[in-house]
Amino acid sequence: MALKIERVNTGVIGFDNKIEGGLFKGSINFLTGKTGTGKTSFCSSFLYAGAKKGERGLYITTEEREEDIKNDIKAMFDWDIDGLEEKGLLKFVSLRPELPMKTVSGEEVAKVVKLYMYDLISKIEDAVKNHKAERVVVDSVSLVEIFIKDDYLRKIALMQFVDRLKELGVTAILTGAIPEGVKSLSSSGLIEFLTDSVILLDFVPIAEQFKRTVTIRKMRRTDHSVLIHPFDITDKGIKIIEIKEE
Amino acid sequence: MALKIERVNTGVIGFDNKIEGGLFKGSINFLTGKTGTGKTSFCSSFLYAGAKKGERGLYITTEEREEDIKNDIKAMFDWDIDGLEEKGLLKFVSLRPELPMKTVSGEEVAKVVKLYMYDLISKIEDAVKNHKAERVVVDSVSLVEIFIKDDYLRKIALMQFVDRLKELGVTAILTGAIPEGVKSLSSSGLIEFLTDSVILLDFVPIAEQFKRTVTIRKMRRTDHSVLIHPFDITDKGIKIIEIKEE
Amino acid sequence: MALKIERVNTGVIGFDNKIEGGLFKGSINFLTGKTGTGKTSFCSSFLYAGAKKGERGLYITTEEREEDIKNDIKAMFDWDIDGLEEKGLLKFVSLRPELPMKTVSGEEVAKVVKLYMYDLISKIEDAVKNHKAERVVVDSVSLVEIFIKDDYLRKIALMQFVDRLKELGVTAILTGAIPEGVKSLSSSGLIEFLTDSVILLDFVPIAEQFKRTVTIRKMRRTDHSVLIHPFDITDKGIKIIEIKEE
Amino acid sequence: MALKIERVNTGVIGFDNKIEGGLFKGSINFLTGKTGTGKTSFCSSFLYAGAKKGERGLYITTEEREEDIKNDIKAMFDWDIDGLEEKGLLKFVSLRPELPMKTVSGEEVAKVVKLYMYDLISKIEDAVKNHKAERVVVDSVSLVEIFIKDDYLRKIALMQFVDRLKELGVTAILTGAIPEGVKSLSSSGLIEFLTDSVILLDFVPIAEQFKRTVTIRKMRRTDHSVLIHPFDITDKGIKIIEIKEE
Amino acid sequence: MALKIERVNTGVIGFDNKIEGGLFKGSINFLTGKTGTGKTSFCSSFLYAGAKKGERGLYITTEEREEDIKNDIKAMFDWDIDGLEEKGLLKFVSLRPELPMKTVSGEEVAKVVKLYMYDLISKIEDAVKNHKAERVVVDSVSLVEIFIKDDYLRKIALMQFVDRLKELGVTAILTGAIPEGVKSLSSSGLIEFLTDSVILLDFVPIAEQFKRTVTIRKMRRTDHSVLIHPFDITDKGIKIIEIKEE
Amino acid sequence: MALKIERVNTGVIGFDNKIEGGLFKGSINFLTGKTGTGKTSFCSSFLYAGAKKGERGLYITTEEREEDIKNDIKAMFDWDIDGLEEKGLLKFVSLRPELPMKTVSGEEVAKVVKLYMYDLISKIEDAVKNHKAERVVVDSVSLVEIFIKDDYLRKIALMQFVDRLKELGVTAILTGAIPEGVKSLSSSGLIEFLTDSVILLDFVPIAEQFKRTVTIRKMRRTDHSVLIHPFDITDKGIKIIEIKEE
């Protein structure tokens, strides 16, 4: 390869060696899957792996409360989240939209909604700069995906959203949401074309039980695994179950 | 695990040991399935299990009459519903919307509808506080799910709905409705991303008969079973049929 | 079971013993299926079984002429329909909407349509009271299901429709219509959640022929069969073909 | 059976003995299928069988020119169409709508369209009375089915259409059209619920060839075959290929 | 058969003997299939077969430039297209709509569009008369099919389009376009009911390769093959691969 | 073949011999596939193969930044992109639309959008002429495909887009985007009918891994392979894996 690629490890045990050492530095990655497939676990592994090496991480949630996300992670893993947070290596920020009040007119609702979306990216930029973050998680972008109805304008808006993240120089994971029974990769059907990678988590029924898997559907600048990898969530972190390559 | 999780038993026989002892305290859980899959049975088991331990339970129905729900439960199970109700350990509240009269204009209809939805959550809050409930069932949230047409606003409204329940500190089960022949987990395709768990009931044709099953599709802060569990409805309560793990 | 349930036999030969003796008294039941699956046969069995015991039955048709429904039944079964009608034990009432005339404006059409729907339930109530009916068939509710376009308002309207029937104290069967090639249980995808039972008739291709079957998809307050039962239409009535349980 | 049913033979060789001798007199039958499945052959057999017995038949086409339909039939079968027409036993009438001219405004288009549909039934009534027809074919009703957009009004309009034919006392076949790849029985998904029978023609791929079949999906007042019958189109008429019943 | 049918050969090697010698004279035929299935090859065979016998042919393209279609054909087949064109036996005419300019208002766009469609048929009539064509190809009618949004008006417009071609007395092939992954026979789902035949070309994956096939789905006045025929495109023309009939 | 076709090699190793030596000179080709199937690799091979022979190539990206596309290519292949760019044999141009600012009204948004689309083709023409390009890649046309909502106008707009490229005399590859789980060949379902070829890339699950494949679904003026060809992305370029023809 003509270009030297700097890699950022994901912290997912057994995963980095399947993507030449990690996500490429400065890449905007899309982590997607149905509900309950392990997206929060994956994202927190990514930030935790950085924090352990002294790289500051920022977890932006657009749908949860900060304490809820933190407790979800603490309940899963034997990690010292509070300690890392105190050292400034981890930060959780909730940027949720407000539901317009019942006395507000339809026109004003549209305005409030529009402002939130235009301001969200500014707030993310501010948070990144204030926290001097190198790794960023935006969990999730599905509100951003459904915010504009027109396919054409929506695609342009998503292009700009990805661009501004890219200009910040951070390595980012955006999470998406795939409704049950739908075969698309995202709510918009658009964002997966704009990001540098698409990592798909799944929870598939096999005989009488379900199994979690991860598949790399795209990863630019990377000679990546094309296998479907089953994984376990252990209290040390997510762990890929090694299968023999055919 | 770094975080100590307090558990709330479901009363479903053979189920709690598959979810580390029960739902996590303060969680908002989503119980979903097609019609006739046993949602009312599951919800009443949850409240009955609490009442037997002295934890006050509140059953809010948005679609039935109080006496109908109560009689449905009495007809199924050998439980002393009336006695528990007299002791204040169980309470049934019907919060149904009214159909606007035929003389009302379209604009006024919209207003009446909007008010109902904004008031529903206040009425739930009042009922929880008045009854000092620790366990709450909202059966069902499907009217809430279809109330707003716009995907973006609907998701925000559902976020707020879940949030305000969470702030009440109760452990809650919300029920959903999946139309026959549809593979989604809910009417909105949105609420399952916002709740702490998704418990799916099903009624599936196998050869010449149907079988009821329960599957945990997601449960935060919990190392849960990934099996598809068949179950029976007996007069003692719902009972998971043990299958051998592979 | 804590609650004593009074049962109303269906007259379908070999069916009542699969539902603890019959539909529960005062229940609102939903009988659904594709065209040609035997809904009229099932409904007339229900009324005929009552009439033979002296229970007055009312057959409301919203789509046919009274004489057509009566002749369809007479052509199928060796029953003395005219005699029972003379004794006042059976009554057929056609409550069909009128198509607005071609000179009427769109606005007036909407008004006429709205009035029909609001009046239908009143007319059903009048017919039940005048005839002192204990058993009621409404064949079909599919016009009611498609009358309102908005999902939210439609569900509320259907809730009220079912409620007012329930308040009459009758045991009722409502019939639905499933278009060919559709996997839902009704036109609205809503009414099946509101009724006390869902009984599904089907006409399924097996090898080079078709077979009629009945399945109970839901029946509140009842420990019902979960088998798919094939049945025949004989001149004595509908007859379940007994199959060996596995 | 309590009711004596008069039968009208279809002329399809080997078919009448599968439906107790024929369609019931005065019935409105729906013959449906994809393009090229043999609907015109079936309809002309029905009229030809009557004409041979002296029963006057009327073929109304809403989409073709009279001479085209006549030539299609003449090309297929060794029948003396012209002779029967001269004797007044057969009559072909084309009742096609006109496309509004390019200079006409949108509002006027709507008016012209509406008038055509309201007048079509009057013209059919006139043609039946003038020709003293006992058997009527309306090929096809798919324009009638798609004329009204609103599901509710459309169903009412179709109810009236079927009713007025019924009041004429004729035995009628209405043809429908099923687009390729669609599993419904008609364009509207509604008319099959309103007619006395549904006869489905199909053209199905088996291995490397296609096979024509006929199935009776519904036939009121008739103990009909439930087999899928393959058939051939011969110059004597359509001929059911006998298969052994299982 | 009572009617003597004059046949027009298609020039597709091994095909005419499967349709009693050819398309019937004066018929309007619909040739449809996904992109890349060989529609242009089939159409040009039809015109070339006529030209060789002295019958004048007209190739109307609504989507390509004349020189492009001509070069496509020349590249495929060892035929003297230029020579036949000079003798007046073949003619290529491009009748493409213009995209309204960016300065034009929405209302004017609608007008320009409407005029094109009303004029297209006139231009085809002029071309047929000027060229004294006996065989006509219109490649494709898919713009005509999607021009009107309303199902009812669209069907009437298509009826008129087919009618006016029929009145010209020519034998015509209209080509359609089936989008990938769609099971319909045309863009409109309507035109296949109005033409005298439907000839379906396909390109189907079998194991690790694709195979071209032709199937006759309908052909009025013709006892046609019901087999699925694979074919090759050779420099002499399209050639059906003979398969053994079962 | 009567017409001598000049060929333009694709540079994809082992591919040109499957299409008679290459794309035909002056053709507009459509390269389509889901995200992550290798479209950028294919396009850059095409330009690189030309540049090595002294044919000037132009890479127009409508969705990425110039440096990102260049780095993606450099990371994959051992090619001297910078050197070729300095010699003027390769050029990368980003022509992305701007998202209208939040203060702009809806009407102005529509105007800005419309202008971008009308100007895009002019800008492409300018870039081709200024760079004297013989080979052009437009990656991607999916924004062009979704820009107009009306099917009819959209098809005309796409016809003009393809035409103006054709008039430039270049050999071009346009890339499309197929959303996951969709079986169409493009976003519009239209453009594949207008281009000279359709080359489909795929990434298909086989057992526990994914495999990249290329299939030629259409190629005018070319006797092309009909096999599904698996391929590898190596640091020398894309390489077809030879499979034995059956």
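Worth pointing out:
Order as written gives the chain letters A, B, C, D, E and F; numbering starts at 1 within each chain.
By definition in this document, contacts are C-beta pairs under 8 Å (C-beta built on N, C-alpha and C of every residue); 3 or more make two chains touch, one makes a residue touch a chain.
As the structure is a prediction and not an experimental result, all values here were calculated from the model.
Contact with chain D and chain E alike is made by no chain in this entry.
Among the remaining chains, none touches chain C as well as chain F.
Among the other chains, the CA centroid farthest from that of chain A is the one of D. One rotation lays the C-alpha atoms of chain A on chain B, and its angle is 60 degrees to the nearest 5. At the interface between chain B and chain C, two copies of one sequence, fewer than half of the residue numbers in use appear on both sides, so the contact is built from largely different positions. Distance between chain E and chain F, defined via averaged C-alpha coordinates, is recorded as 29 Å. Each chain gets a centre from the mean of its Cα atoms; for chain D and chain F, those two points are 51 Å apart. Averaged Cα coordinates give chain B a centre that lies 59 Å from the centre of chain E. Within chain E, residues 182 each touch two or more of the remaining chains. Viewed as a network of touching protein chains, the structure reduces to one closed ring of chains, two contacts apiece.
Across the complex, chain E is touched by residues 35-36, 63, 65, 68, 71-72, 74-81, 96-100, 102, 109, 113, 140, 142-143, 146-147, 177, 179-182, 203, 205, 207-212, 233, 235 of chain D. Residue ranges of chain A in contact with chain F, taken from their complex: 1-3, 5, 24, 114-115, 118, 151-153, 155-157, 159-160, 163, 166, 182-185, 189, 192-194, 198, 215, 217-223, 226-228, 243, 245-246.
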